[in-house]
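Each of the two complexes below includes chain A, the first together with chain B, the second together with chain C.
Up next is the complex of A and B:
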């Protein structure tokens, strides 16, 4: 059930109305029922996987209070084992088939909707219980709601049990401000998705799909992919957050103006924030605080000195994290390369921190210097865009070929999506440009700490209606017609 | 009372939004063939009703059919009309003016493609008289398309704002009130009052051969289309309507290039024919077609068609309709 389908919005309308009609104490069961219905619509068989994740988390959580490692290791193994089996078996088979004489048949495995997201969410809960950050949930139905809450099921954000579960079960009272805020966020998300992402996708699909025929447009392709990916993913998250907000539930923010980042590390603190913090809490810290890492840190300090030695260990942990992130994106070498690219650059940044500091001092530059801030943003934007060659291509060969071809004389083409209809191409292109201008304005205001939705709420009610209707009409007018699928729903 | 006051702006907003959309629908959606077609099948009884796609609309001439069979006939086939649309068209006709026989044109290329975002189906729904059939059609379209398709059908015409003045003028004209076909000539389209949409002999379209194959990816579309096709056959059974399924000819070159596809399409329809007991005449595939008389099922050369997909030119269409009518008269 896509976010742009009629039945999804019918479900949302029924869900929100029903939520406020039911007595507060049973509202969470209503949410659980709707979430189950939403998931069953994707395929009733998929419910079994979700049920499996809920059961392992519930039983594992009860057992994890004992503090025994095995009690948490087994359910984690089962959860991630299922994910790995469904997601990576055929990749492994394809790797093995490269060996002479090996011809293993591929398996017909269907990836259940949102499995990565709910696996991460339930794993986080298990580890939090094990580390005594929260009490185990005794009611399996309440835990099921935490794992399967429908707006976030498809592409996140990845929620934390301590903050999300109490909100889900609390039963909030009706507040029209929440409804307005929710509708505003949903409309903004839909605009990003339909007007920006779906139009940019036309360029991305064409340039990446026919890269052997259309040479030299690699940078246009990755720039459009930046727009598509950000508008698609953050638009979907806005919709999820808006739906939850209408019922008084605040999900975690997943983006914070990522293209204003000044370093790659900063970018990852602003992009897919909930995955980043999940990785930090449940992978990075356990690695850096582990026994073997402590030993390595001591040795590396001896070998390289205090500063480099420390950066060396953090660098290793970062490379591991980003390789995991790469693998999480999908079972393919180009995703692993994408993870390595990010991990190695961040690690390298750590090594050169001291040198950069000295150079800046000698040149009299501070981080607050306006041109230097702009330069850092541009540099980070460029580094991120280069990484998209690896993320969007279907193979390492394609990524390299496209990158290499990008340095030719032809850098840009508005009509590449349909050379026979330049007028239509220009409308698409100007739509993307205008959409980016609006997005940039809102991002600047948000970066300066302004509450943009607060400004919307200050308008009289008829002004809000005019604005929302105008936005919806723009979506219909300039949006691209496609299936309405979201990129991150595939992960 | 307080909660009512809080909800009032949302209700007003919804009404405003729907009102704006109704206005845009009136201004932007032009007068098209389906309005005339639906009006005729809702107000007149035809002995033979032709259902199908653009192949059927351009290849089967009701005038020739009536001349040979002596039965009244009307062609409702149109481009972008999927089995779902045909089912509801027939159901709408059956409410008051049930035909004796339906000739269902089967274009397997439609069966392997997704059928949402279709101007024809959405317009057809708008112009149907209010009835349980219309509500059922609306429900099915809601679940097939996206939210814009359901709530804002004008967006399907977002490239034709320059026609607003013309649309209003036509919608306020006598011809529109009379469901006349004369306004269609203005837009470069030609549709006759019997539903036939002839393609002139000199018309030239895209000669490229479409890429056609049954695959795992499009199997779900085949399943949905087959489901509605079977519903149409069941409706025929219930209403005592005779059903004949016809695949119109395609250029020999297209057939040569896409042989496995047309062979499989034929076999799939044969299987359904065995289950539902109807006559299936496959003119696309002479070697697989029912009675292998060469004269009755000739191979159609490319000059009979305006494009590689197989839209028939008028001369060939009239010849073909005559052959079809003779075949129908035998049964």
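Up next is the complex of A and C:
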């Protein structure tokens, strides 16, 4: 059931109406029922996987409170073992089949909807209980709601038990401001998805899909992918946050104007924030506090001195994290290369921090110098876009070929998606350009700390209705309604 | 406490350890800075930080960090 389907919005309308009709103390059971229905609609068999994750987290949580390592290791192993089995078995088989004489058959494995996201969420809960950051949830139904709350099930944001669960079970009072704010955010998310992402997808699919025939458009392809990926993922997150907000539930923000980032590290603090903080808390810190890392830290200080030794260990932890993120994106070498690219660049940045500081001082530049801020933003944008070649291509060879193709004589083509209908192509192209201009304006306002939705709320009720109707009309007239799927739902 | 602030200022120059009470919340310290600080403090005070100790509340101010170090030394 896609976020852009009629059935989904019917379910949302029933969910929000029912939520406020039921007494506050049982509203969470209504949310659980709706979440179960949503998940069952994706495939009744998938419910078994979700149930498995809930039971593992519930029993594991009760055991993990003992503080025994095995009590938390076993449920984590089961959760991630299941994810790895479904996601990586065929990749492993394909690797093994490269050896002479090995011809293992591929397995028919279907990846259940949102399994990565709910596995991460339940693993975070288990570790929080183990580290005594929260009490274990004794009611399995309440834990099931935390793991399966339907707006975030497909592509996040990845919630934390301590902040999300109390909100889900509390039962919020009706407030029409929340409804308006939620509807505004949903509409904005839909516009991003339908008007911007799905139109840009036409260019991306064409250029990346026929890269051997269409030469010289690598730059355009990757720029369009940048637009598509951001509008698609952040649009989906806006929809999830908007639905939850209508019921008084505040999910964690997942984006903060990522293309205004000054460094690659800064970009990752603004892009897919909940995955980044999850990785930081549950992988990065445990790695850097592990005994082998302590030993390495002591040795590297002796080998390289204090500063470089420190950067060396943090760099290694970073490379590990980003390789994990790459593998999480999918079982393919180009994703692993994508992770390595990010991890190695961030690690290299750590090594040169001191030198950069000295150069800036000698040149009289500060981080607030206007042209230098612009330069850093542009540099980060380019670094990120180069990484998208690895993310979007289906092989390392394709990524390299398309990267090389970015420097040809032919940089741009409006009509590449349909050379027989240049007028239609121009409309698509101008729609994307106008959408980007609107997105940039909203992003600048948000970066300056303005409450854009607050401005919407200041309008009279008829003004709001008029604006929302106009937005829907724009979606219908200029959006690409053929595609309903979200990119991150596949991860 | 003063000795700790001096050490922290050596590890992360330019951060207001003496006065700030929201070092993590305001983004003055990043996760890399936290790891740097942890590494140096472990060597200096012969203590072991655990993953459960790495929470914003423990790193938002020098005072909170000092109290954590005292707890870890007692443990």
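The criterion applied here is as follows: the second predicted complex is superposed on the first by the 491 of 491 C-alpha atoms of A that agree within 3 Å, B and C clash if a C-alpha of one lies under 4 Å from a C-alpha of the other, contacts with A are read in each partner's own complex, and residues count from 1 in each chain.
As a convention for this text, contacts are C-beta pairs under 8 Å (C-beta built on N, C-alpha and C of every residue); 3 or more make two chains touch, one makes a residue touch a chain.
Since the structure is predicted, the reported quantities are computational estimates derived from the model, not experimental observations.
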Are chain B and chain C a fit on chain A, or do they clash, once the structures share the same frame?
fit
Between chain B and chain C, whom does A:350 touch in the aligned arrangement: first, second, both, or neither?
second
Given the touch rule stated above, what does A:479 touch, chain B (first), chain C (second), both, or neither?
first
Looking at the overlay, what does A:289 touch: chain B (first), chain C (second), both, or neither?
second
State whether A:6 touches chain B only (first), chain C only (second), both chains, or neither.
first
In the overlay, answer first, second, both or neither for which of chain B and chain C A:297 touches.
second
Broader residue contact with chain A after superposition on the shared chain, chain B or chain C
B
Is A:461 contacted by the first partner chain B, the second partner chain C, both or neither?
first
For the superposed three-chain arrangement, provide the angle chain B-chain A-chain C between C-alpha centres, rounded in steps of 10 degrees.
170
Counting only touches as set out at the top, which of chain B and chain C does A:313 meet: first, second, both, neither?
second
Mind working out whether A:265 is in touch with chain B, chain C, both or neither, as first, second, both or neither?
second
Quick check on the superposed pair: does A:280 touch chain B, chain C, both, or neither? Answer first, second, both or neither.
second
Pick out the closest CA atoms of chain B and chain C after fitting on chain A and give their distance in Å.
37
The shared contact residues of chain A with chain B and chain C are none
Touching chain B in the complex: which residues of chain A?
2, 4-10, 174, 176, 179, 194, 424, 461-462, 464-465, 468-469, 472-473, 475-479, 481, 484
Per the touch rule, the chain A residues reaching chain C in their complex are 127, 131-133, 265, 269, 280-281, 284-286, 288-289, 294, 297-298, 310, 313-314, 317, 350
Of chain B, residues touching chain A in the complex:
3, 6-7, 9-10, 12-13, 16-17, 20, 24, 117, 142-143, 145-152, 154-155, 158-159
Could you list, by residue number, the parts of chain C that touch chain A in their complex?
30-32, 34-36, 38-39, 42-43, 49-52, 54-55
